[in-house]
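Pasting the structures in now, so scroll down.
Both complexes shown next keep subunit A, but they swap its partner, so subunit B is in the first and subunit C is in the second.
On to the complex of A and B.
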């Protein structure tokens, strides 16, 4: 019995350590952001929110967030449309060539992202296309569409096709079946897929860094300013950008709960 | 009614990936055969870039990347196994909260997390060194800007990519089979080797594959945490593309990484039945 308790204790310590290690860097960013000095000496002599004030006043902060936002929205639209269609082909229908499709569609997930970004950069340049936020959207979509396809597919595997047939037998039209049966069944998958797409695009560094050209999305700005030209704005913007995506997720989850109840 | 919509539904996604995933890989492959330091795609194909890749010391960044990816995969697997077992054995509200807590950082940008990591490790005024100095009067050095720091950064970033597939894998182990083996007198090691490992293998393989491949291309960890201590292959390729303006050479290095990736990914993906894993 005593040995059991020791094992339980050890397990708790192990899990606690993992969580602690995962959150140390994130907490560090917040701590660093609470001082307005270029050369950090922790613990701060003066704790202040000045860096945040400066960040909000700075034009750059707004423009990098806007670039990231418009990219993420485009990626969400592409991922939801292509991902839903792809998931129907992946999980809903049985067809000749499905297993090949299933294997090929996951390949971009099992591919080193910076290498994909570099390959796209070279291809766009070779074809005379100037890299910018639109090419970065394409790059994100190559990686995110397969992920969203899988997310929606997981839902679709649990979907009973007989419901559709029952609706047809009861005299429902094609459109009615799609609206009343298929879509409600697909919706949870689409919702999570869209959320994934937004967050993955918003936070992506390895694809954006090579494909976004002169437009600078948030993670690329943070990366380049960490390496050179560091300023106290960096941690503040890092926190602001992360909080925005967290708030958006919370807002969407709350909205969904409200609608479900209504 | 009995039309076959499968191919039609697959077509848009398949075409998109053909255009923006398969095509770029073809273009890069073709470029890698062009004469060094040219920008046209119409040159006479040559293998000069590949020959140069192995004589000009480019195998070094590639080997560093492969070593980093291998070590990260191994260490992540060793850490993820007990974690997955514990989370699975104590499934419930607490376990799902912990799982969510582990998943959450995936959605925070790598640049934010790695920046935080570097601030934590910063010598003298960093979070760790500064706190120890101020509150415990302990002075420590720093591992920032070393290969070790880059490795720790990769373990930190890619651990969830190992854990979640493994969690699925571990959930494929039926509890009654473990009990039966225990009743028959199987020891801990026998249980692990004969039952748990083979049954969890699909999840473990997917996790290992994902971790290895993502690490193979990883460059942010080496850039932010490794300083100039190590050049990884992505950095070497970027350097060829941008500063050196040697597209064919960069393309050849890219193709080599793609071949390494394919050699690892394809055998595993061919064996694993995705339907079975996802359907859970």
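On to the complex of A and C.
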């Protein structure tokens, strides 16, 4: 009994420590955003929401969020379309060269992102393409599409293809088979793939920093303003960015719940 | 395409296969199969894996297109008609239930595709649930929560819901345990009688085929080796392959073809076919002097099978299997030397 209690106690400490380590960074960002000094110091002498006021009033805050948002949305669309098709080729159909394809597709994931970013920047300039948010979208896609392909493939591996034949046999057209059977079966994979794509793009620094050119997505702005010219505006914008992505995720999950009930 | 019915009338067959062939590259999976299946018949195709039986049923269902040959449904050419336009439905080996849908939605699928209104769909689905002896409240249950036997019944209800002229079954019971399989075999037979539809059933088990079928076709290497009633096939297998398919039988190679054959030093009547094998069913051997061909055998092994007892015998260098009904005579002990006999009429002669 005493040993049991010790074990339970140790378990609680262990879990508590992990949660603390996970959330300290986020909490500390919130804390520093509430200061009015240029130096990250704690405890604050003055608590202030000035940084948030400044952030909301500033055009830059809106523009970096918009850049990141439009990039993330483009990446989501590309990743879902290419990822679904790729997953079909990866897991659904048996074709000549499939095993080579399966290896090639996961390769970019193992590439260090800064190296990938540099390589892509060099390729873009070799092709005479001016870097901007669109090139950054392509850079994100190179890294994110394989991940989403894998996420959707996992759904396909546990999927009985005979379901499609059964639907066809019961009078469904090819289009109805896709709509009534294939898509609903793949939907959970597509949903989590899209969520992954959004969050990975929204928070990506190493690829964006090389390839976004004159456009500044949120993580690049945070990084450069922390390196030079830091003010509490930086953590305030970081908090706003985190809240936005969290709200989007919650909204999507709630929508899915409602969708499922209906 | 008129055939003579047993009653002496003529009828158009439900399904008529004419030289149906399917090749995959160099492999001929189905080799010029010709067959008429009568309206309302329970027809079973039996064969080992790789015999082409699954390809054949997929051709009949419209999931594959034949390389050559013609397929007529009630006299109408449907050779090139895809599965979604054929008035047939299939119960798949994996069942292929839609896992993201409820039992009710699974059953209603074909009606939904036809554009039947939801209330009518629901009513028909509930009817089918009771036809398949599933409780009505299964309508809203997730198929993933159903047991193996229940899933089986849902798959059958789903196929019946499209109101098909012909139902195909591609080894649907093969994944189930022995007892459940036996129960469902009987239920399938009853379902066939109640619906009056034409059933075409695929299995690798001749035993399963015997229980349910009006006629059986034995398939090997893309061809039908023998087509007949269960009794025909049981009593008069055409060759060693068919005989061997029935499970444990005694197949004796008879020396002295054409002349009077000898067995364990005994004279047998002359074989009916050249190069003959004598197929002797285990239950044709009886203990004692009841049959006209008598011999002494050593009992090597005794297996209790419930309704009958199986004895493994040795006569000289010949191994035989005998099965005696439970309650017939006394149990004999291994090691005992015993008189056995059989009737020559019980021999089925087969060539190779």
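In this text, the second predicted complex is superposed on the first by the 246 of 262 C-alpha atoms of A that agree within 3 Å, B and C clash if a C-alpha of one lies under 4 Å from a C-alpha of the other, contacts with A are read in each partner's own complex, and residues count from 1 in each chain.
Keep in mind that, in the parts below, a residue touches a chain if its C-beta (ideal position, glycine included) is under 8 Å from a C-beta of that chain, and two chains touch if they have at least 3 such contacts.
Nothing here was measured: the structure is a model prediction, and the numbers come from that model.
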Fit-or-clash call for subunit B and subunit C when the two complexes are aligned on subunit A | fit
Partner chain(s) touched by A:9 [first = subunit B, second = subunit C, both, neither] | neither
Taking the superposition as given, does A:176 touch the first partner, subunit B, the second, subunit C, both, or neither?
-> second
In the superposed arrangement, does A:153 touch subunit B (first), subunit C (second), both or neither?
-> first
Determine, under the contact definition given at the top, whether A:168 touches first (subunit B), second (subunit C), both, or neither.
-> both
So, A:110: does it touch subunit B (first), subunit C (second), both, or neither?
-> first
Broader residue contact with subunit A after superposition on the shared chain, subunit B or subunit C | B
Scan A:97 for contacts with subunit B and subunit C and give back first, second, both or neither.
-> first
Touching A:62 in the superposition: subunit B (first), subunit C (second), both, neither?
-> neither
Touched partner set for A:47, first subunit B, second subunit C, both or neither | neither
Working from the superposed arrangement, determine the closest approach of subunit B to subunit C, counting only CA atoms, in whole Å.
-> 7
Which positions of subunit A sit in both the subunit B and the subunit C interface?
-> 168
Footprint of subunit A on subunit C - complex, ascending = 61-63, 82-85, 88-90, 92-94, 96-101, 109-110, 113-114, 158-159, 162
Parts of subunit B lying in touch with subunit A, wherever the complex brings them together | 1, 4-7, 9-10, 12-14, 16-17, 20-21, 23-25, 27-28, 31, 41, 79, 82-83, 86-87, 90, 98, 101-102, 105, 107-120, 122, 124-127, 129-131, 134, 156, 159, 209-210, 213-214, 216-220, 223-224, 234, 237-238, 241, 247, 250-251, 254, 257-258, 261, 265, 269-270, 274-275, 278-279
Could you please specify the touching residues of subunit A with respect to subunit B in the complex?
-> 11, 14-15, 18-19, 21-29, 31-32, 39-43, 81-83, 85-86, 88-98, 101-116, 118-123, 125-127, 138-139, 141-142, 145-146, 149-150, 153-154, 157, 168, 199-200, 202-206, 210, 218-220, 222-223, 226-227, 234-235, 238, 241-242, 245
Would you mind writing out the residues of subunit A in touch with subunit C in their complex?
-> 160, 162-163, 165-173, 176, 180-181, 184-185
